[in-house]
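What follows is subunit A paired twice: with subunit B in the first complex and subunit C in the second.
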Partner chain A sequence: MLDIVKLSHRYITWFLHHKKVVPLVFLAPFLIVFLVFKVYPVILAIIMSFQNFQGIKSQDWVGFTNYENVFELVRFSQALTNTTVYTIGTLLVLIPLPLVLAVLLDSGRVIASTVFRVLIFLPALTSLVVAGTVFRLILAKDGFLNLFLEGALGMDRLRWLEVSELALPSLILIATWRWTGMNILYFNSGLVNIPSELYESAAIDGASPWQMFLRITLPMLRPTTFFVVVLSIIGGYQVFVEPFILYAGGAGPGDGGLTLALLIYRTAFTSFNFGTAAAMGVILALIIFIFSLIQFRFFGVLGGED
Partner chain B sequence: MSKLRLITLALVVAIVLGSFGMALAQDTTELSLWVFVDRHGLYMQNAAERWNEAHPDRPIEIVYEQIDYTQMHDNLLASLLVGMGAPDLADVEIKKFATFTKGDIQFLPLNEVIDPYREEIIESRLAPYTANGNNYGIDYHLGAFVMYYNTGILEEAGVDVDSITTWDDYIAAGQQVTRDADGDGEIDVYMASIEVTDIFSAYALMLMNGGGTYSADGEIILESEANIEALQFLQDLVHVHGIARPASGGGHHSPDHFIDLVEGRIASLWMPQWYMTRYPDNMASALADVAVVRPMPVFEEGGYTTTMGGGTGTAITNQIDPDKIALAAEFLTFAKLTYDANVLLWTDLGFDPMRLDVYDDEALLITMSDFSGEMPFIHIKAGLGNVAPEYTGPFYPEMATIFQTTGLYDLIENQMDPAEVLANAAEELRAMGAEF
Partner chain C sequence: MTATQFINPGKLGARRQSRLTKWLMFALFVCLAIVFIFPLYWMVVSSLRPEGRIFVDAMEIIPSALSLDTYRRLFEEEPYGIWFVNSITQTGGYAFMGVFLCTTGGYALAKFRFRYRNLLFILILVSQMIPFHLLIVSLFLMIIQMGMAETYQGAIVPLAASPIGIFFMRQYMLAIDDEMLNAARVDGASEYQIFWHVVLPNARPAIATLLILFCIEYWNNLLWPLIVFRKPENFPLAVGIKRLIDQYRQQYDLTMAGSTLATIPVIILFFFLRRQIMEGLATTGTGIK
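Showing the complex of A and B:
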């Protein structure tokens, strides 16, 4: 009996001291899930994009036909434009706004800042199905947004849900509601890492808060900003749930809210053409990859300039 | 002695096996069913109860799951694609059905069990669920288009609802009804709302004018003169006669549209008969005193009096246990095609039957508190003089998507020429591989 305990003890000690095995074992749950649910489908999608995969039957190889088909679809260029505009729109809002809010919340001049932090972060945890219905009511012609704009700014009531030009602004509005809190969290963690000595010595040298923000906060937040921008671009190009929920499975009036991911979904699940849908997916992945690369260079992360 | 023993043993074995077999036969067969409308699941459960009374030797239990419309169809498609996880029976909506017929069809043909009922049922109701001559689904209802009026608004404008029989009457009445009620210079009461993010308002007119998406022999007839005329008519209702407007939120199932109806801003709309269930379900019976249904107005004397809209076919998937197939198929026809089932379809479920011979049954003459205490069935029946059939085909889902997204938006919001709208749709379908 004692021998068994001794023996198992020896194995555990051996295991715990084995620097190659231990990390792998601890990483295994993630790695397995990652391989099965991410890598495998990606490989499968690439294979599918070269197959005539329509409906349920055996597939044959068709070379680049699916890719040619994609560029023939009128909706593809529309979806690409919409998605790009949406991504730029979210970048214009979701970088400066959370940055300013994070600095304000961090400045110690806001009372009950924890309450605000929680409130701003809550949307990220809210069910989008519920939010979709609420936003339909908010964006309705007699909805809260129109009443607010009319009351506060004297604007005419807009048909947010009914004209295609307002589809993307509506979606950006939802994205702002949903992701501001998340981005504040990122910026906040960046702010915490800025040594307070910098501000103290700047204050001694007579720098104004605005100068400190420009010369210390912004440069020191560069890695965080980079991270948030990359995430926002990836998220922007992948946007699916917001229009899907807001327009109940559609893409808004006149397809004004049609995004690439929605078009992929439509091609796969309405036309049952998985081959073409997979080709679109590969194209979308390439777009995101190229954008990320450009940013890596632009921010000098790869070159190691910092 | 040994012979006797053998016989005794054989008897014992026979009795044991026999009783075992009987016990097996009386075991309830469980059939799983996916629906996206809860009413459908409840109806099938009730039908199972009636089946069990009629066939105590072959009891059935329907275990249904209600899943959201889009998700249910996606889940079904995915489970059929991978070959596991699909239910025994599944509801498939008309706009989605053709998607499931691409490639090797994963539903079981129902021709044989439908055959005994073909004489009585409206044959073209089977067309949407038919591919290569096989019937793969049985609908719940006919889904005939009717006009829904708010008599409160009409009476205020001095219009008698029963005086409207043609579209010309409808337009004339509409001009009396459509007005600026609160005097702020903006029209706030319209005769009609129309859908721009769904197909019903447009398809009804196209079909009743002799057009549609597919012909009886499966040709795409999108660019037909009848369709151009119908869409022109729809556009004119909004922009020339000024009596109709796009439904708030784009369609007749939008929450803000229901608010418009309840607030009395829309005097009428045309939708299939099943839209009646939205009055209690989505509007809490708020219009019970003023809502009525009437037959559709007609374009011309002797023309089509109505058509069919929407629909859901129940299919048997190929993942069902082979031992259950015969029972499931027989139950499906029992639940949907028998005479009694069609009576109950109206009295229980509130859907118009697809068997014409029950239309004279007095059991259907029930009053409905949600519709001004009238007997709506009289009016539904009155509209069934000449039903325009609807045919579908492989690109039916894509067509619906085009109409729902850009087609009707261009027609109504951008006031695009109807011929151009249809030509654009045709061009896009050809790019997707449709040949016509």
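Showing the complex of A and C:
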């Protein structure tokens, strides 16, 4: 008996130390979780998008019916439009603003630039849930923003959370607060890589700071900028928590804050329409996939680190 | 013009700058910093106002009356303490499991040759593009069928195989000197001894960074725990705060107190490990939010 135990122990030891087995042992934990909880759910979601669900048990194959339903849905086209406008809006703010701030902070002309970098970065550490709750308070009818607009600028109060047209600007405002510091960080790592000789020789040639910004900084930052643009597009299309919290689980007035991800969540867990939710998920994935391919095409793996 | 100025002319190039621009620039950034910090300040101040005074006293930017009463209510009337503990245990579990998977997996991808390695690596990278919202329905069905709903495993395991995490570890492991590993092999160390005694100590900075980033990620995460947990006694903080909003609609005091307490640990962590967090986030992209 003891011999069998000893023998099998010896065999297992030999097996585990075999040259071909070792890498598999190291890889196995990640690989198993990855295949079961990442790869398989993707396949399952695609299958589900062709099925109709009665509860979670019984399901029938329905071909492309879910996709047809999705495209006929008024709320879907509104969600798609909202999400696209939101993404473009965030790009219009969250590229130029952090870019300029990063250049200024890097210029050596700002006293205590590290302190400012850190302070502007702090919002990026907060949970998106917290960002949502705080702005729910600030944007409320009697909230600080309205008091400020009224008291300091003499403007009328705006019903930020109750007017459909103000939903996307509110969300873009939150995004600006939350991501400016993060994008400054990206642009900063791009700026660090610009050789200072370029500026030195330009200075000798008598170039003005503005000329240097246009002729050296901007062109040299092009890869970073492109990287941040693609990341922002991918992130923008997935926006979920901010409207979800801002409108307390709803979609804002007149669905003004309805985003694709929010619609998917509500289709799945409010209407319990899993097939349609899966079809919407596939469409969202395709949109993101296209933008990611562009990133791959231009940067190789994850921003050209590899 | 001094010599130091010539060596480091400043990226904008102007070597002679008037004091005025310097002060204007400083003033600009002070204003910006105030704007960015203000919402956090407002959160804290609002949470400390006496009951029912959040809007009444909103003109008082520096409050005249403070009260900790909201915090008392948060712990007495809501299971906030339980949520906080849940957040700590779930975050810890997630971070350790994620780091374990990414460290061992990253080592395998970086230092061993095996069949389909490149294919697997590409698959992992492509999976990074998958929006989580594609998976919420299928993962939801899976954890129900596996009996993992309402469990910590159900909340943690499906998120633990982080593509960006394994990529990060692989990149770091690539830089570990092969000579060192081979020397250990020549000395008769087994592969597992090498991993434990040579690789892990050398990868310590990367492990620490990833651990911190995973902690922040789970601590701040809402979507998946929201789906896994229906019972309030299992909620982590993010889901708990969501519940406070649903319950108190137009009353903001409890949500502000809850949000403040949920933010403080991350801020404290940040001030101790600022460099690691900022550099880590800059290299991992927004894969970790």
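The rule we apply is simple: the second predicted complex is superposed on the first by the 249 of 306 C-alpha atoms of A that agree within 3 Å, B and C clash if a C-alpha of one lies under 4 Å from a C-alpha of the other, contacts with A are read in each partner's own complex, and residues count from 1 in each chain.
The rule is short, and it goes like this: a residue touches a chain if its C-beta (ideal position, glycine included) is under 8 Å from a C-beta of that chain, and two chains touch if they have at least 3 such contacts.
Only a predicted model underlies this, so the values are computations on that prediction, with no experimental measurement involved.
**Q** Just from the overlay, do subunit B and subunit C fit on subunit A, or is there a clash?
**A** Subunit B and subunit C clash in the superposed model.
**Q** Looking only at subunit A, is it subunit B or subunit C that touches more of its residues?
**A** Looking at subunit B versus subunit C, the one contacting more residues of subunit A is C.
**Q** So, A:285: does it touch subunit B (first), subunit C (second), both, or neither?
**A** The answer is second: A:285 touches subunit C but not subunit B.
**Q** Of the partners subunit B and subunit C, which touch A:266 in the superposed model: first, second, both, neither?
**A** It touches subunit B, and subunit C stays clear.
**Q** For A:251, select first, second, both or neither according to whether it touches subunit B, subunit C, the two together, or no partner.
**A** first
**Q** Looking at A:277 after the superposition, I want to know if it touches subunit B, subunit C, both of them or none. Which is it: first, second, both, neither?
**A** second
**Q** A:142 contacts which: subunit B (first), subunit C (second), both, neither?
**A** A:142 contacts both subunit B and subunit C.
**Q** Using the superposition on chain A described above, determine whether A:48 touches subunit B (first), subunit C (second), both, or neither.
**A** It touches subunit C, and subunit B stays clear.
**Q** Should A:162 be classified as contacting the first partner (subunit B), the second (subunit C), both, or neither?
**A** A:162: touches subunit B, not subunit C.
**Q** Is A:133 contacted by the first partner subunit B, the second partner subunit C, both or neither?
**A** both
**Q** So in the superposed three-chain picture, is A:209 touching just subunit B, just subunit C, both, or none of them (first/second/both/neither)?
**A** second
**Q** With the two complexes overlaid, spot the stretch of subunit C among 63-71, 189-197, 207-215 or 225-233 whose C-alpha atoms clash with subunit B.
**A** It is 225-233; the other listed stretches have no clashes.
**Q** Which residues form the common part of the subunit A surface touched by subunit B and by subunit C?
**A** 56, 133, 136-137, 140, 142-143, 248-249, 269
**Q** Quick check on the complex: what are the subunit A residues that touch subunit C?
**A** 16-17, 20, 22-24, 26-27, 29-31, 33-34, 37-42, 44-45, 48, 56, 101, 103-113, 115-116, 118-131, 133-138, 140, 142-144, 147, 151, 177, 180-182, 185-186, 188-189, 191, 194, 196, 199-200, 202-203, 207-209, 212-213, 217, 231, 234-235, 237-238, 240-241, 244-245, 248-249, 260-261, 264-265, 268-269, 274, 277-278, 280-282, 284-285, 288-289, 292, 301-303, 305-306
**Q** Quick one: which bits of subunit C touch subunit A in the complex? Just the residue numbers, please.
**A** It is residues 8-15, 17, 21-22, 25-26, 29, 32-33, 36-37, 39-40, 42-43, 46, 54-55, 58-59, 100-102, 104-105, 107-109, 112-114, 120, 123-125, 127-142, 144, 157-161, 163-164, 166-167, 171, 190-192, 195, 216, 219-223, 227, 237-238, 241-242, 245-246, 249, 252, 255-256, 258-259, 262-263, 266-267, 270, 274, 277-278, 281-283, 285-286, 289 of subunit C that touch subunit A.
**Q** Where on subunit B does subunit A make contact in their complex?
**A** 69-70, 73-74, 77, 80-81, 96, 99-106, 196-197, 246, 248-250, 253-256, 259, 397-398, 401, 404-406, 409-410, 413-414, 428, 431-432
**Q** Name, in rising order, each residue of subunit A that touches subunit B in their complex.
**A** 54-57, 72-75, 133, 136-137, 140-143, 161-164, 247-251, 253-255, 258, 266, 269-272
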